[in-house]
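Lettered A, B, C, D, E and F in written order, each chain numbered from 1.
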Amino acid sequence: MSNELIEFVLVSVALLGIGIYGLAVKRNAIRMLFAVEIIVNAANLNLVAFARFMPHSGGQTLALFSIAIAAAEVAVGLALIIVAYRMYKNIDIADFRSLKG
Amino acid sequence: MADALFLAISVLTIGSAIAALEMRSLVYGSIALMGTLGGVAGFYVMLDSPFVAMFQLAVYVGSIAVLILFTVMLVKRELIFKKIEDPKRKFAGIGLMLIVILALGAVIMDSGIKTISTDSDPVDFREIGGDFLTYYWPALILMALILAGSVMGALVLARREDTIENEQ
Amino acid sequence: MMIELTSTPIIIMVILGIAGMIIPVINVVRKEQGSSTFYGLIAFGALLLSLGYVIYRFYTDSVADAAIFSSDVLVDDGFGSFFAIAMLIVSIMAVAGSFNYMRNKSNPAIYFSLILLSSIGMVLIAFSTDLVMLFVAWELMSIPTYILAGYNKKDPSSNEAAIKYFLFGALSSGIIIYGISLAYGITGSTNIGDVIYGFSNLSPDMLPIGLLAVGMFIAGFGFKMGLVPFHMWLPDTYEGAPTPITALLAAGTKKAGFAAALRVVIMGAAALNLDWTLALGVIAIMTMTIGNIAAIMQKNLTRMLAYSSIGHAGYILIGISLAPFSGLGLQASLFHILNHAVMKGAAFIAIAGIVTTLGIVHLDKIKGLGRKMPITAFGLVISLLALAGVPPLNGFWSKLMLFGSAIDATSVVWWAPWLAIAGVLNSALSLAYYGWIIRKMYFEGETEKRVKEPASIVGVMIFSVIFMVTIGVYPEPIIQFVEMITPSMTAVMP
Amino acid sequence: MAEQVIPTKKMPPGLQVENVDDRIMTLNVGPQHPGSGHMRIIVKIDGDYIVDADPDPGYVHRGEEKMAESRNYITNIPHLERPVIHDSCNILYPYVLGVEDLVGIEVPERAKYVRVIAAELNRCIYIQYWLAIYGIFLGHSTMFMWPAGDRELLIDLMEKITGARVTHAYFIPGGVRNDVPANFEDVCLRQVNYFEKRIKEYADIFYDNPILKARTEDTGVLSREDAIRLGTTGSVLRASGVDYDLRIKEPYDVYDELDVHTNVLKSGDSYARSKIPWLDMLESCNIIRQALEKMPKSGSIRTKLKPNPKGREDEVYRRVESGRGSAGCHIISRGKPEPYRLKLSVSSFRNLIALPYLLKGEKLGNMPAVYWSLNYWPVEADR
Amino acid sequence: MGTATGIIKALNSGIKHLAVKRFTLRYPEQKLKFVGDGYQFDPASGVAIAGLKGRHMLFHDHCTGCQLCSIACEGVAEAIAMVKVPDKWGQNAKSIMPQIDYGKCVFCGLCVDACPFYALYMSNDYELSSFTKEGLIYTPAQLQVKPQVQQDSELIIDKRGARHG
Amino acid sequence: MSVIAPKFRLGYFLKGIFDNAFWILTIVTLAGIPAIQIVLFYLELPVIDGELLTAFLAFTWLFNPTMQVPLIKALIYSDLFRIVAFPGFGFAALIAAGTIFVERKMLAKLQLRVGPFYCGKVEGILQLAGDGLKLISKEIIIPAKADKPLFWAAPVLFVGTAAAFVALIPVAPGGWVVADLDVGLLAVFAVIGFFPIITILSAWSANSKFPFIGGIRALHQMVSFEIPLILSLLGVVILTGTLNLSEIVESQSSFPWIIFMPIGAIVFFTTMLAELERIPFDLPEAESEIVAGWLTEFSGMMYGLVQLGSYLKLYAFAALFVIIFLGGWTGPVFWPPLETEIITEGIPIPNYAGDPILTVNAPGLPLLDQDPNEWVLQQQGELQYTSGQLLVSGVIWFVLKTVGVIFFILLPRGVFPRIRLDMLLHIGWYKLIGLSFVNIFIALGLVYAGVIGPGGIL
């Protein structure tokens, strides 16, 4: 390996920060989903990087699980967004105001 | 020191992650997200994990990106360009991001991670298959249940009630 | 070592998994014409069967007492069995409460199937001894509930609840997996036992990473538990989601969060030898205070109970934060978890009955409910009183144990009595709004005609009233049970 | 089209047009669209379902009926076959019969047989053309090429008789323009037999094809009552189970001397509507063979008319069974060499009325199958 | 299993037709042979004779300039105009003969029917294309020329299908 | 009668040609030559045999037999050759071009007509070149409100993805593949996953209704048929225990997998038709309903690129079928070994003066790589076939099988009508997925019954 572990982990931290920024700032449901995906990818990158430097297969396994779970999560989230869009004609969660709070 | 390929991929990944959140058009945002996911897949290839990389491409690009694009296109076009964003909130968010990155980065840079490097051979991806079948088999079953449940649920949610009767 | 196939988690997974998969298949075969009761009965039967199996295993002494460590992904221990019993009771109550609720709704089959899948996740969280298993089970618990919370497609509030729940849930799972990745990175394993061992033998330059990992675990699990900085989604979701699902969320998934926290965070934090208890204590006080004060201001029954559920998370946290100092603390927490599961489940199911029969959730409209729906109202009253901690009911004993543990730990930590004081004050505060509901139901309103109460709700009410009163009168066996299964903190304390 | 006549179709719930929503998309199918011909169908779709369809003929109108008022009875002939050039004999047939009534001349026996042969050949030519387009509408390119090629056999025959391949202008009041060529019977019999053998081969690849059956069966179902109430005719009517064929019910020329069977199917779906014309072709081959057998071997072919014939003051309505159904011609004469008023009553327009009714609630993929199964010829509806 | 049988039958039919002779007439190399010499008029019986309605032929020695063909065409296509011809013919006092614009002619043959002197026939020539509109107007002198046509391809029907040979 | 249209003037024509030539020369002179000069100035030219390797010298080497054969050999074993020519793009494009021609002629024969006839004298063999020229010379029209970057990118991406797919296909033993991945089959799935995205993006970017409907249909079709596609191949993966395509081929040296899993082969073939949008599954381009589907707004060479991409995809899918079910390049080796003299002594190649200066082992056939050592081993009976023999006969078998599969892909176009969307989804979700699970159970049964696999009977 010509690269060192710290480089990958720093990229992962940057992605995590971007994801948290997106969740904090954006109010568009799809964009928030993007942000969540970025966070999950940051975690996966961490896992695979750690697994490579051990070396150990567990990290890759967990990354595979995580990818598949992310797919399921996105499917559910997008279905919810579609339902919301049908109802509100909007996907901005700042405009969802049927519940107070 | 990081080599050029690594720098290129990290610029692609991080840049397109920012673009995914900041592009005006959601469609371009989705494409930028695909760039991020592809960049992460590139990292996996650099980390000698081709199986995870290909799985990432197959799942993320093959299904998640399609789903996102489909949803984005179902949503009316004007909304894609509508932006409700409080500048104050935005600066707060940027501050939060910087705090997170700097704090975590400082912690990590300060820790023992920075000294880790390896010359050992990567794990063969066939070992993952072995792990799946021996150690993680209950998790694999749960995974199947998650996928089944999410597909069923997403179908139930996304299909329109009014046309179901017609199909019978 | 492969886990044996007759162990509790595997059997529960098989029973509920088969039932959960066979319901949609029947649905397809019958061209989506089946009635909700039919599917509900399948789910009910499967849950009862699993509950029976847990108890059978427990009484034949086939399970270990409390094993945090195992070389496999699952362990068949008393700790898990305890949580399994609580989760299965909650799921049974949710299913029973849904019979009536789903009668005229579309897609009942998938609804019950998803409840079953979610219960598998909840149960297996308590049994898992591997972070991968824990994460997968966590997601299996969460993803079906995202769907279930938005199951009322025609109802905007249900959808809004689901989207908020989904976004926070997805964030929490992202944070959890980030934490797992850090923990994995510094310890080289995903097995909880190895992770804790690795934590306790961490080199000093890796310690910040361990701290970070534990912090991320607390944040991630805290979202589900409804701890105070992470509780924003909770009232909205509980209010908007279908009410039986709210019961499942409040009484089930929240407790699963505690199970995961007990397995991972507490042990990990203990192993790291950090002064984390004070932080948890502060969070506990904040959580219960904010929850109870916000609950007073609510006019909506579900929302009020949602805030009350935040408050109860604070009570449970008292015991957890005191765990290293007083053996009573963890036992009290576990006892309160079981009690709260039943009490909150009963309360929400009662509200589900009221919603489906009369269609009201507003506090001002429940006048005369005591005469309209006497059994439901009685069950609601008993569960509210138990929540408030009124003496002859089960809530009293667990709260007593919690506050007792705080007093007990006074000699070790200076801030422990404050926890007890805050708890007592909050209990008194909560009695105010619970009493308000009771007053509305029984002492206001003109003579109302009695309406027909759904049989399933009545059944749930009867069961929970018996449970609460029995344990309230004779708590000894449960306390012994709790004592037996409580994991030993000294095993991991350096 | 009067509203009260159209039966209302029970739409699937949720597909009413009233609940207009941004999910409804309006498609202009035509006039520059491969699936419409010279017309436009304004289709509103909701997802994959058609919630509203509005056929809009009117892109090829040239006032055929008005033009006929300023031309005499003979020079009208090349004009009146223009609406359906592929079925020119049959669309001319009612006009010729009507003029014969008005002018009062008898047609020689041999000419009647020649007319029947020409009309049946032309019916087959038309149906082959229709079938070719039906094939390509369903995405079956072979079914475009085979009928288009086999049609050549009959076009060859028609050309031997009339001298023209498509626009024959063959029928004339008082008979036909010219006699058949010398050894026509043998050639005709040989080619018709081969043609029959060929079209039977279509069954394997097209009519018995499971994909085609799955695609067209139970789509666009027109019940017997609705078919009658909507006033459909020809193959559409017979596919819905109504045994109504003008060659039997109102025999003209020598059809009463021939053994004519009609083909009736019960189901009334697109498949039945597409199968009836094919069965008609087989029946036409039978009729041609019978007519060739019974035809007088020699004799007069044409009763000579005066150069500029004048009809008596009367009005007359004659109709025949064309390739698409009943084709009628109403002529009002005021004793002049020109008709005072001429009105064509054509089957395409009458079948088109069923289109919006049938398309509602169908899937978009069924639109071509249902539309072209109505045996519709855009120019005829428009004239 | 009806579906599978049907699919196999259809595939079989498709493969079978790979061996059937091609039906296409390769037009510029092959030209169809037509009945007779074109659409003509039989002076004996008074009815027409079957034949292809192709380009007209004008027999100058029969044409009387009576304009009947032009009148017949008037309601149909208005393709026939009567023009002066330089030659003098005994039967044609006005020296006018039909000139046909094939850009307008619909080849209905009513002019042939109308001609009482058998002066206007139709020939087998149908290849009339031209680069200009003017090239489609045939003067009486051009109409007089008998077209040279090479049409010999016939429809052959045998066991392996029909073809043009 | 005919006259040449008056607008045409030979002068204009010649002037046009000269104009073009003038501008090309001008641009080359003004821009190209300085660029070359600058590049040459900074380029470090290698020194070989004491000579500076200038462009001229490199060019002269091509005509020197002593240099030429090793050069060609080196070229053939370079990566560029693999990507551009033999197992990669060029080979696939050649087969794709042949496919187009065969498709048109075969369909014409089935429909009793002639097909392309005049272009290229012999049965219209140059028709494709003519069509290509026409497409190149046509104007590219972009809808006014289209999303231009995406609209431009879509055809290029389509061809690129198809080429990436082709790059994963091994065509001959000995690693004749552009990208030999251990996870080849998974990479195939990853690449296939890109097509729906490109389709939907191009459909959306055209901003027109018919392309949008077509794109949505394509999306439905491709995404729902990807699942049976993956599942139908899982059976073979279970039996072989590898994801490497070359290893999958080598596992079939005694018998092809289609013998054991005909159901999987049928499922894969059907899903292949759907992924390729061939009749009876060409709903995204159903011309009678939605004009041309997602291709409606493409014009000129953009359309040509999409067609090229789809035919490359067709070749790749057919080759994948051959690799997985039909045994790839395995088959009897019929290529005779070279003459003994050639192997042992080689063929002397004279220089300009006529003196033999170089002995080439297999002149003119450097592709075969006739290694004398291998030949010696073969003579001693230790090696059954040399690698050159294996290569040639392997490629021939591979091409033969692929062409056979392509024939069966093309045949339904003449036989079946188009299917409807709900029928398509029903087939995909209910029947094909069920059948592919049956296939997986067959494979598992074979493994557990001990017929195949480690320690199996076969």
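A few remarks follow.
In the analysis below, a residue touches a chain if its C-beta (ideal position, glycine included) is under 8 Å from a C-beta of that chain, and two chains touch if they have at least 3 such contacts.
Bear in mind the structure is a predicted one, so any value in this text is a computation, not a measurement.
For this structure, the chains sharing the highest number of C-beta contacts are A-B. Among the other chains, the CA centroid farthest from that of chain A is the one of E. The chain with its Cα centroid farthest from the Cα centroid of chain B is E.
The mean-CA centres of chain A and chain E are about 76 angstrom from one another, to the nearest whole unit. Chain C and chain E have CA centres that are 93 Å apart. Centroids of chain A and chain B (each the mean of its C-alpha atoms) stand 5 Å apart. Put simply, the C-alpha centre of chain B and that of chain D have 61 angstrom between them. In chain D, the residues that touch at least two other chains are 22, 142, 149, 205, 209, 211. Along chain A, residues 9, 16, 19, 33, 44, 49, 51, 54, 56, 58, 61, 65, 69, 72-73, 76, 79-81, 83, 89 each make contact with two or more other chains. Shown for chain E are the residues that touch two or more other chains, namely 7, 10, 13-14, 23-24.
Those residues of chain C that touch chain A in the complex are listed here as 131-132, 135-136, 139, 143, 146-147, 150, 153, 156-157, 159-164, 166-167, 170-171, 173-175, 177-178, 180-182, 184-185, 188-190, 232, 235-236, 239-240.
Interface residues of chain F facing chain D in the complex, by the touch rule stated above, are 107, 110-113, 209-210, 213, 279-280, 282-283, 286-291, 413-423.
Across the interface of their complex, chain B is touched by residues 147, 150, 181-183, 186-187, 189-190, 192-194, 196-197, 200-201, 204, 212, 216, 219, 223, 226, 422 of chain F.
Interface of chain B with chain A (complex): residues 2-3, 6, 10, 13-14, 17-18, 20-21, 26, 29-30, 33, 36-37, 40, 43-44, 46-49, 51-52, 55-56, 59-60, 63-64, 67-68, 70-72, 74-76, 79, 82, 84-85, 89-90, 92-94, 96-98, 100-101, 104-105, 108-109, 113-114, 116-123, 125, 127-128, 131-132, 136, 139, 143, 146-147, 149-151, 153-155, 157-158, 160.
Residue ranges of chain D in contact with chain F, taken from their complex: 25, 27, 33-35, 48, 135-146, 149, 205-206, 209, 211-212, 214-215, 363-368.
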